[in-house]
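Both complexes shown next keep chain A, but they swap its partner, so chain B is in the first and chain C is in the second.
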Partner chain A sequence: MTLAAETAKPTRRPFLLRWIDGLRPSSIVVPTFLVAWSLLVLLPLLVIVVFSFFSVKYYKVVYSPTFETWESLINSGRWLSAVRTLRVAVTMTVIELLLAFPFALWLAKGCRSKYVKAAIITLLTIPFFLDASSRIIVWRSILGANGAVNSLLMWLGVTDAPIEWLLYSEFAVHFGLIGTHFPTMVFPIFLSCALIDNDYIAASQDLGARPSQTLFTVIIPLALPGIVAGIVFTLVPLMAAFVEPQLLGGGFVDLLGNSVNSALQQLKYPTAAALSTFVVALLGICLAVLILVLRKRADISAMFVAMKR
Partner chain B sequence: MTDDTTKANGLSRRDFLGSTLSVGAMGLAASMMPGMDQAAWAASNEVSLYGVTTAQLKDWSRMTDSIGLTMNYTPTNADIGIFMRDVMGNNLGATQDIFIFDGGSEDLLGPEGFYAEIVEDHPELTLWERTPDSWKRANFLRADDKQFGVPVIGNGDAFGYFPEKIGASPDGMDEVPWTTFFEGEDVRGRVAIDRSWLQSMSETANFLKHHGRLDVEDPADLPPEAARTVADYLVERKRAGQFRTIFTAFEEQVQLFSNREADMINCWEPAVKEANNALGPDTVIYAFTVEGYYLWGHGAHVASAAMERDNVDNIYKMLNYFLGGEYRAYQAKERGYAGPNMDLGVKYAEENGWSEEDIAELKWTEEKVARKFQKPFSCKVVPENAGVMEEEWQRFLNA
Partner chain C sequence: MTTAPPASPILEIIDAVHVYDDVVALDGVSITAAPGEFLTILGESGSGKTTLLRIISGLETPYSVRVLRLGGVDVRDTPAFKRNCTTVFQNYALFPHMSVGENVAYGLKVRGTPASERETRSREALRLVQLEDMYDRRVHQLSGGQRQRVALARALVPQPDILLLDEPLGALDERLRVDMQVELMGLQKTLGTTFVYITHSQEEALTMSDRILLMRHGKIEQTGTPTDIFDRPVSAFAARFMGVDNCFEGDLISLDGERADVMVGGERLAGRWSGKRKPKAGEKVAIGMRAEWLTLADTAPDRDDINVLPCRGDGAIYKGKYLDRTVDTGVAPMKARIWDVASAVPEPSFVWWKKDDCIVMNA
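Presenting the complex of A and B:
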């Protein structure tokens, strides 16, 4: 055989390279993601559920299955802190949404100066740079019985005595949470509003729609992905709120984070696990109810179509 | 309970983990260094100590000048859970020679083999014999009739108050009943109670026991029935509006007094000192009480693993330093805490030219703590009924 004949013969590529070439992105990424997701998220969750059925005796975990921890969750009233946390988190998410949506819409469509817009966005990031304790503790000297607000109210003659519920109350906790979680609601809504084509809004107005009609039939449906993202990014961290209840609630607003922390300080890992399992179950039930209710009124998956544009 | 300045300084769990990891990393690095064998450990004259911040001197160099040892101090806060986890789970005995924590940890860590029994006749422990039994034989240093700790500092915790708010003598020498704290009409809605159930539940139980409203042997270790009674009482007082807040940190104690947000707080004594720095001398008084105190003491415990190393003499030399005059004098001056052999502290101050005022303050610290320790009540940081007490405390918090 001549050299020319040898070179003319088609070379067979190694099996591994042919296999890789034959793969489509989805056949690599999807299984990898699913395996990683299972290992990183679902497996620890499963361990937490299993751990909740152990108990602690004298600072040591007893690895034999028992309902003792779950019973103590009810007897100690710890489950109340989980329910209270859910209530505060949902209330705060609604408040943040009501405050953030008009602001984000104005920032995206109403604010004409790009310098003002940049300055506002920069200011919104400040909470992320400051330690939560240092940021929140300031409110104690403002809202306290001898604080700035009460002093001003008494000086103005609005009240004769300090208003005690301004601090160490659920009001104070809600107030403190507003600033912390406002940016996480604003940013996703701002981004989705900014993506709305101005021509759609103009067309709606040209066709004689009232501002409220444009808002409810054009803007909100198109901004829905951002709204949903804002709700998720706000609600989830609120479930773990720790600093505000501790510093502004004065121990009277015991939320999940404080209860878990107290359990962990005593090395009661099963109690912390049971509380976490309880909350995940609560969230799961809420989500299931939301899907069931919305399924009859709207196609949830349709809102993501807007993101394709 | 203790002057947990780690909280006051805002030492977070992140800081704590950082320091713990540093300790671990240093230990690992040391074990991998070819020359760092047992002999090198002994030759370094350094003793490694892991303990609560309150036991620290502000300047350890004077100790080096006095006894030739250098201190490698890794501070932790007063959280018993974290301390237990680090000693038992993270095996800190491999790198640390001495642990200092609230007395009581030896109940678990002694019999479990993490603390070594104190060698009372060790030649370097020269001050042991003259140390009063009231300190060295305290039940918060012993377990199973064995000595697992050397006393370091101690105090009796009660509450601070503004004397004019309850009509008490401004000189602070009155014994104020805990009844004022829990049920006083003058301070209703103006009382702040510590979120630490170890302290608050024990103090409440002691108050109830003193007045015949609770039948319990040890107010610091409440069986289920007693814990439920104490929690019920606290829930009733909470609903009656007695408490302004349930505080967490040292800085909160100071702020609550400084802002006059609360009139009475079951705080730590240094908080009163700090508040008076802002409000003026003797504005807030730390109480002598009728019913008793949350008496606590820090114990220095030798890690069992350290007894296998070659620096045992240095370890005992340092334990002896904690019983001596220099450490005693500076602890009292810097933090207002007393300890064993206070007379040696006074002697040290006199010999080293301290002012009359400072010497008088040392003598007052000794007198004050002696007066408190006459009351029959102490704390327990690892009560056998910790689980049930914590659960009942949660019921109070959620009420």
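Presenting the complex of A and C:
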């Protein structure tokens, strides 16, 4: 009796709760994302591209289309810094991958202690919360002609004169970039390695695969989504790096990031815009190559379906 | 009945001890298996059976072991990938990034077998498990039963000396499980491979095995043929595990050869001794009888080869093929299985069973 009476008069729940219950995620997320992303990211990018076709006269932007900026970019040889940037970024990505993969694999599968694992993950976040300039400037006093390394080497008698290429060189820039971009390579690979079921590794061994065979035929293919994510998250910021080249390159290693920065400081907005457009274009080409290479080897989206089991 | 393992066992473990983070998983376990034997390791979850299997396959290194031989060769320091035994994992562990055929061929690929031979042998193995059309399928397109067969084919292709099966039928539904039991037995007979099979189901163990090893808390409780273990459980634990429904504790009055007299709750019951270690009079023992051996009646039959207890009818559970009747005796509630429901006594006042059908064991 009472039950029937209660069901006949449903209690009205607060509006907010009813609204949440009635939500259909796809119908909200898709348009919201498209609008927000267009306004926040795509539109500025478009403005940058357009800006690169304007010019600046007497510190004022002249809004009439011209190829002046692009021509000067090519004639002044600034495009060479684009090539250098690409070379440094790709080299560093490869170095980071070679360093990060074994480390991430060990962290995910080899490290038994929960505390050690938590401590390492915490330590890896340091580059994210400590400002790059303050971290990098320290290396000057270590790598410089009168720095700790040269002093030690000379005291040991390994060399008579300080080694010059330790600082203000491409070596120093590469060295400085290692620490900053290591975590972004480690984290995605660590996550995808941690998701590999131990039974797959056990099954591979059990079926007679040597450790190297297990690594190349089971672990790396299954960690591929993480490896790709790591490459993207490392390569992209590397293309825009400017702190390390500025502080450790000593003006000898001019990368695109530095050019953009100095162009902005000189209020040459069209130049900065043109350089940025160039970076974005280069990145687009890099990622397209990555996708094309991977398409032939493995279908990443199918991998996610398979991983769910 | 029990055949002693021949002189050269294919698997020999003596005194294996293993510890996980202060938990003793194996406590001095010794087993042997003869070539071509179907050996089942039976036990509850956490009894150490999977650990034992992983020690045989080499995926786990025991804390200590006196002898660990596969095919007569000491493998204590041999890594898993060099041991000639393969495992069918509980969750199958089929590589998700490979097709069915690539999965099955994996054991040959890593041994450097030429591609053409690899494919022939993989297709042959898939035919053996009746999945020959599935060679090019992706793993996630298969059903549970099909994955199980692929895992089996994958483990069989490298022609192992010993096939280890870790509860392979656990995730399948009832019907499929029964079919697969028969299929596995047939396969084992055809191939002549030694099977070491892990299960927690006494029914599976009884159906399939040549020999059963019952484990409890990292130790071996009892070893024997299915009939041995079914008819002569050595302890209350073994009896309960093998489905002896009524199992009580009592005090031993006397033990004369096979015949044991036990005092249970003020009643004197007689049974046949099947325990391991002979107890002295007055010691605690366990007494057990299967529900299907009990008869409910209005009057107690006048025979001296039976135990009789007065009882009162209690509950009944309808099971389809039979009826499980609970009766309250002075000793304890007992379960009797009635097959012929129509002619059953509605209100029984006595329960009786043969003394030979009553087993007395170590508590």
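As a working rule, the second predicted complex is superposed on the first by the 261 of 309 C-alpha atoms of A that agree within 3 Å, B and C clash if a C-alpha of one lies under 4 Å from a C-alpha of the other, contacts with A are read in each partner's own complex, and residues count from 1 in each chain.
We adopt the following convention: a residue touches a chain if its C-beta (ideal position, glycine included) is under 8 Å from a C-beta of that chain, and two chains touch if they have at least 3 such contacts.
None of the values given here were measured: they were computed from a predicted structure.
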| item | value |
| --- | --- |
| Touched partner set for A:Thr91, first chain B, second chain C, both or neither | neither |
| A:Tyr58 touches, of chain B and chain C: first, second, both or neither? | first |
| Superposition-derived comparison: chain B or chain C, residues of chain A touched | B |
| Partner chain(s) touched by A:Glu164 [first = chain B, second = chain C, both, neither] | first |
| First (chain B), second (chain C), both or neither touched by A:Ser151 | neither |
| For the chain A and chain C complex, residues of the former touching the latter | 197, 199-200, 202-211, 213-214, 217-218, 221-222, 298, 302-303, 305-309 |
| In the complex, chain B residues that touch chain A | 10, 79-82, 84-85, 108, 189, 193, 195, 244-248, 255, 259-261, 382, 384, 386-387, 390-395, 397-399 |
| Complex contact set, residues of chain A against chain B | 56-59, 72, 75-78, 80-81, 133-134, 140-141, 144-147, 164, 167-168, 246, 250-252, 254, 258-259, 262-268 |
| Residue ranges of chain C touching chain A (in the complex, touch as defined) | 57-59, 79-82, 85-87, 89, 91, 93-97, 106-107, 109-111, 138-140, 154-155, 158 |
